[in-house]
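Down below are the structures I want you to see.
In what comes next, chain A is part of two complexes: it sits with chain B in the first one and with chain C in the second one.
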Partner chain A sequence: MIVTVATLIARRLLAAIPILLIVSALLFCVLRALPVDPAAMSLPPNATIAEIEAKRSEMGLDRPLPEQYAIWLRGALHGDFGQSIQFRRDAGSLVASTLPVTIQLALAAMVIAAVLGFGGGLLLFSLRDTLFEPVVDVISIVLLSIPEFLWALILLFVFGVVLRVLPFTGEVAPGLPLPRVTGFLLIDSLLVGRIDIFASACLHLILPAVALGLAFSPTIMRVLRSSLFDVYHEDYIAQARLRGLTERQILIGHAFKNAVLPTLTLAGVQFGILFSGTLLVEVICSYPGMGNLMVDAVRNADLPLIQAIGLTYCIVVLLINTTVDSLYVVLNPKLRIR
Partner chain B sequence: MVSIFARCLGSPRVLVALTMVLVIAGCAIFADYLAPHDPGEQNLLSILTPPIWQIGADPNYPLGTDSLGRDVLSRLIYGARTALLVAFFASLGAMVLGTILGHLSGYFGGAVDWVIGRAVDVWMSFPPVILSLILMVGLGIGLRNVIVAIVLVDWTRFCRVLRSEVLVVTRNDYVAAARLLGFTHWQTIVREVLPATLPLLITLVSLEMAIAVVVEAILSFVGLGVGANQPAWGQMIADARQYVYQSPWNLLLPIFSIFLTVTAFNLLGDGLRRTLDVRIVEMAR
Partner chain C sequence: MALPRRTLLQLIAGAAAGVSTPVAHTLAANNDAATIGWPNDVASWDPNQRFTPDAQPIFKAVFDQPLDQDPQLKLVPHLIRSWGLAPDALSMAVELRDDVTFHNGDKMTTADFRYTFFERVKSGAKLDIANSMRKVQDIVVESPTKAIMKFDSPAPTMPQWMTFLGSYVVPKNYIERNGFDNFLQKPIGTGPYKLAEYELNSRIVLERYDNYWGPKPKIGRVTIQIIKDPSARVAAIQSGQVDCTINVPVREVQRFAQDNAFAAEITPITRVILLNVRADLAFADKNVRLAAHHAIDKMALSKAFYGGAAVPLSVLATPGTPGYIPDFTFKYDPALAKQLLAQSGFGPDKPVKIGLAATNGQFPSDYDIARAIVGMWKPLGIDAELQVIEYAKYFELNRGGKLPEATLYSWDNATGDPEIFSGYQLNPKMPFSPWKDEDIGNRVLALFTVADYNKRIAGYQDLERYAVENGATMPLLQSVVTVVRKRNLGYQKYGNGWLLPQTLQWT
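Our next item is the complex of A and B:
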């Protein structure tokens, strides 16, 4: 069975390669349509026209577009994404240092979204046919209407500014060193044995992670509830009731197990969206992840960096979707039969 | 048709949502008459004044002023105009593009379906926020470009959902009958298939408007939106964030405006979905 899943993942990944190629080509074309000149930008303002021309041919900007793309693609495949114009550093290494920060945030947010989503979904469902139903129903739509960046601002305002109980800028308290082993701060701080850094990092993670989690839980909540409704029409629920099981046993032991599948697929799709949702939350909480770097790059028209980060986001989202697809097959025995 | 209207208006959800939308739209349309000040007018002698219910307020500025002494109420009202302009035209554009491609894909199938399906796959592998940011870098700031960017990002939502709906509708006997009567493909799609997908389409447009409002706010917040000379809620939030200790209301009021508008559109979409009773999957979001 492990073999089938492995081949499945491999096949899905292979199918993702042409998509990635097209995505990278599109990215390249959109960014080349810009009215900015990366060669002039990477030189001091007093450079002569001849110097700019020399830089242009050095950067390959005087060649036709398909050739430029081929050069860039060859570099990218070797892990060379070119030099960031504003930081004068290798764009690939900039991405590599900020990616773990974003992954850590996204994972923490996903856990929170799942806990709130599944808990809320069960609660919503158990309140069905009661007086509360229309009330919680409207509340869930209202919650659905608050995107992650508004949650981040609201939480920042309430817990950071008014109550002053949570820090809301950066990854750790200023002054603390940042140990870098794996790039994941929570793991690294434990690896070097600094509980104080670990605690500070956890505190700093709460606000952005909860903001993201809150924004993504209502969808999970509503889908879990509606798939529970579907499941309750099945014969095995009636049969379980005839066997004399309590409503609680039926809900947890029979209905929930079956309703969880569609919800998990959705949670997977949501995880892909949540991952890109980190961008705004990072900007608002000054969290030093890839999103913050992206906005920085976008504001400064730092083309090589935008390209590298844009492609990284696509790769991560494609990886997440592929994994979710395969997990779905693992969890759903019906799909395993050929 | 009349009975459908009556049924929609009979739903309290739709009624409440529609009222909210109309009030916000009223603000947007009559902004010139409602706003007490010009939204760009600066008064550097009274900056960051609090709203009327706090001590030290200036009755000239009912909701206070921002860091450049501009009237917050007027900027909120003109911000509604920006938000709704984007919401209306962007969702209309995304709907037209997505509907056409979705109908072609579902109706003809085969190679057409394959090409459009792969295009959707490529598009969907781009996270929407990232794609819209990159497009805005390429297009440059401005109201028209925000609309274009949202259309280019969000057409897939319509295309995917409508394709599967068209697949179902096309199997109906009356579609085959229309073909037998000598209808061209074009006539069949417009006269037989499109009307059947209309309820779904209306619901999707309403949800898309909510999304467009959020995207416009995000782009303006980052500074890649409609541009500095046009008031936008996202921009107001970005400005107010720097003075959050001095004047928290400047931050809360635009947040509340966005929230209210998005809720109105979502509630409308949800209400329409229930009353029109179409098979819309939650995945469409």
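Our next item is the complex of A and C:
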């Protein structure tokens, strides 16, 4: 199994190279097609035409587009994504400082989405052909129709303003320091032995993570239910019944194990979408991640930073897909044989 | 592995403390700490680099300016103890205080002053203060506290520039010793607060600098929490997660004003909302420009979008500033607007077509104001196509001559001096206004070299009146700043809207 998984990962990583090249080239061309001039924007407003031209030349913007892309790519391969126009700092270091915050948030949200999604899916399926089925069905559709940013606002209002039980600004309470070791605050607070910071960080994580998780759980819920419906038509379910197993044993012990595979694929795809969904939630909850940075970058037409963040999103999604596919191989014996 | 009972109890207590911190924060105000909800982060910790009005109060907490302004915006000594502008305005002698230290203990001297306002600018570093200091030919250091600024042309407003955006003294030795990147990571200034902690797009923690030369801040620790979303700022102050916040929607300010736990204010400041106009395209016709201006009901805009607190303006200056002309009014007169349009062959049946650009979310109600103006123009015969532009693209579009006939714009001038109002807005050589016209341009440029203060101010008043009467600009409203705070948290109000952390105090 290890060999199969390792082969799959190696193949995926090889395939990722042309994908990343294509995505980065597309991103580069689209951003250059926008009616903004990165050279002019990186200078003070009173810059003269000559100064702008000099800057344009320094940035390589007076060269043909393929050559510009080659220059950018060479820099990117050496870890140089250019200077952010807004922050006038290396775009790569800005992304690196915010990426762990977003990954931590997305992972927490995914755990919540998975718990709610799998739990809800099992509940939905269990309530089939009962009076509760249409009610729960409607609830799941309503949940499905609420986007993550609306969840963030609703939760913020209810738990932050009305009940005042959850904080919603920043990563930890104002009086506490922010230890930075790995960039993942939950881990770092434990590494420095500050359980109070860990607890505060968990509290601050709840609202944005639940907002994201709630928005993505209904899809998992509904796909799991429909997979369970499919699985229940298989012969081995009938045989399990003949063997005298209870409905609960059949659902958990046989049906769920098989129905979870397509749901897992969907969860992988969802994680990519969820990762990009952090954008607005981070702004609403003042969470200092990459989404928040992207909003700044777009607002200021900060092309080098948009390019760096866009490429990072792409890499993260590719990594997630590879992980999910590997998991799929681990969980599905048929794929290992093939 | 067994966990000792004592350790377990300590862990639980620690966790409980962490959990309770935000809630406790909402209930009990720590007299030596305060949290402010702020809409934007600083772009960089180089205070000379960017002209960002929103970051000014943060920079003023960590760094000091050579001169300062009192709450009524009058120039007052600060790092500069005394100054003397030569009659020809070609030089300015300054005497610095001798009791000022940077946060690392180094003494601030004229070497730092020269480094900031001359060496850095001439070194080719791309700094926005290169704009304000462009006339500085040299700074001759006479002693650690005395220097003479030399200008290549008369610089009568240099004292005002010493209080403007970007004019903060930075530590020469510290930067040269540790490198500039290190300064950006651990910036030090001479201000009343030290930067204790900074987390990009999250928070700025300031700690009182005990060796500050001036009045010590009343609050020892101020946390500036970056909350970009206005609704989230409202929620944060409502829930007690911050003690004070700014730039919340006007309707929310009115709601908070009814709540005894809060104080909420809408304060007019030295920021002008105007229509920047072109001198060509459909606006080449003066009648059309004047008609467009006469057709705007500014009081209605103020009532609709700023609760009536934004003062309608007829000139490019705000009440109380030197360039303001109290007895000059450009009246709202739709009938006259119709008449002017008819003179040029336009009317409701044959409207003149123009473009109107506006930002959406750059300043409060910007897009809504633009929509309302389009609505006011339409029945009179001005058919405006509204387009949204990003503020970041404004200068680029203007430089390329791609702005439409009119653009809704907000112009901030913390000094209140008319040079930075109409002098900059109407100067065709500067990147701010799309109005490129020799007549007005020459009038503006002539004023830049007038050394006599009274003559200069009178000249600007004449220019403002002339520009408005000729349709070269359309001032609309004096902008406002909104502040919501806990009732027992006081602060010093400034005419330019500053909310300075060092003036906060619990009562």
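Following the convention adopted for this analysis, the second predicted complex is superposed on the first by the 337 of 338 C-alpha atoms of A that agree within 3 Å, B and C clash if a C-alpha of one lies under 4 Å from a C-alpha of the other, contacts with A are read in each partner's own complex, and residues count from 1 in each chain.
The working rule: contacts are C-beta pairs under 8 Å (C-beta built on N, C-alpha and C of every residue); 3 or more make two chains touch, one makes a residue touch a chain.
Everything quoted here is computed from the prediction, not taken from an experiment.
S.K.: Sharing chain A, do chain B and chain C clash or fit in the superposition?
M.R.: Aligned on chain A, chain B and chain C clash with each other.
S.K.: Scan A:147 for contacts with chain B and chain C and give back first, second, both or neither.
M.R.: first
S.K.: Touch check for A:26: first (chain B), second (chain C), both, or neither?
M.R.: It touches chain B, and chain C stays clear.
S.K.: Just chain B (first), just chain C (second), both, or neither: which does A:53 touch?
M.R.: neither
S.K.: Please work out whether A:223 is in contact with chain B alone, chain C alone, both, or neither, and reply first, second, both or neither.
M.R.: It touches chain B, and chain C stays clear.
S.K.: When the two structures are overlaid on chain A, which partner does A:283 contact: first (chain B), second (chain C), both, or neither?
M.R.: both
S.K.: In the superposed arrangement, which partner chain does A:203 touch: chain B (first), chain C (second), both, or neither?
M.R.: After superposition on chain A, A:203 lies in contact with chain C alone.
S.K.: Which of the two partners, first being chain B and second being chain C, lies in contact with A:273: first, second, both, or neither?
M.R.: It touches chain B, and chain C stays clear.
S.K.: So, A:80: does it touch chain B (first), chain C (second), both, or neither?
M.R.: neither
S.K.: Could you tell me if A:306 is touching chain B, chain C, both of them or neither one (first, second, both, neither)?
M.R.: So A:306 only meets chain B here.
S.K.: After superposing the two complexes, find the one stretch in chain B that runs into chain C, choosing from 22-30, 40-48 or 202-210.
M.R.: That would be 40-48, the only stretch with clashing C-alpha atoms.
S.K.: Which parts of chain A are touched by chain B and by chain C alike?
M.R.: After superposing on chain A, chain A residues 35, 153, 157, 161, 283-284, 295, 299, 301 contact both chain B and chain C.
S.K.: Provide the residue numbers of chain C that touch chain A in the complex, in ascending order.
M.R.: Within the complex, chain C contacts chain A at residues 11, 14-19, 21-23, 25-26, 30, 33, 35, 37, 41, 43-44, 46, 49-51, 126-128, 130-131, 134, 184, 197, 199-203, 205, 223, 225-229, 231-232, 235-236, 238-242, 390, 392-393, 395-397, 399, 402, 430-432.
S.K.: Would you pull the chain B residues touching chain A in the complex into a rising list?
M.R.: Interface residues on chain B, with respect to chain A: 13, 121-122, 125-130, 133-138, 140, 210, 214, 217-218, 221-224, 237, 241, 244-245, 248, 251-252, 255, 258-259, 262-263, 266-267, 270, 282-283, 285.
S.K.: Contact residues on chain A for chain B in the complex?
M.R.: 16, 19-20, 22-23, 26-27, 30-31, 33-35, 138, 141-142, 144-147, 149-150, 153-154, 157, 161-162, 219, 222-223, 226, 266, 269, 272-273, 275-277, 279-280, 283-284, 294-295, 298-299, 301, 306, 309-310, 313-314, 317-318, 321
S.K.: Can you list the chain A residues touching chain C in their complex?
M.R.: 35-37, 40-47, 49, 52, 86-89, 94, 97-98, 153, 156-157, 160-161, 164-165, 167-171, 173-178, 194-200, 203-204, 283-288, 292-293, 295-296, 299-301
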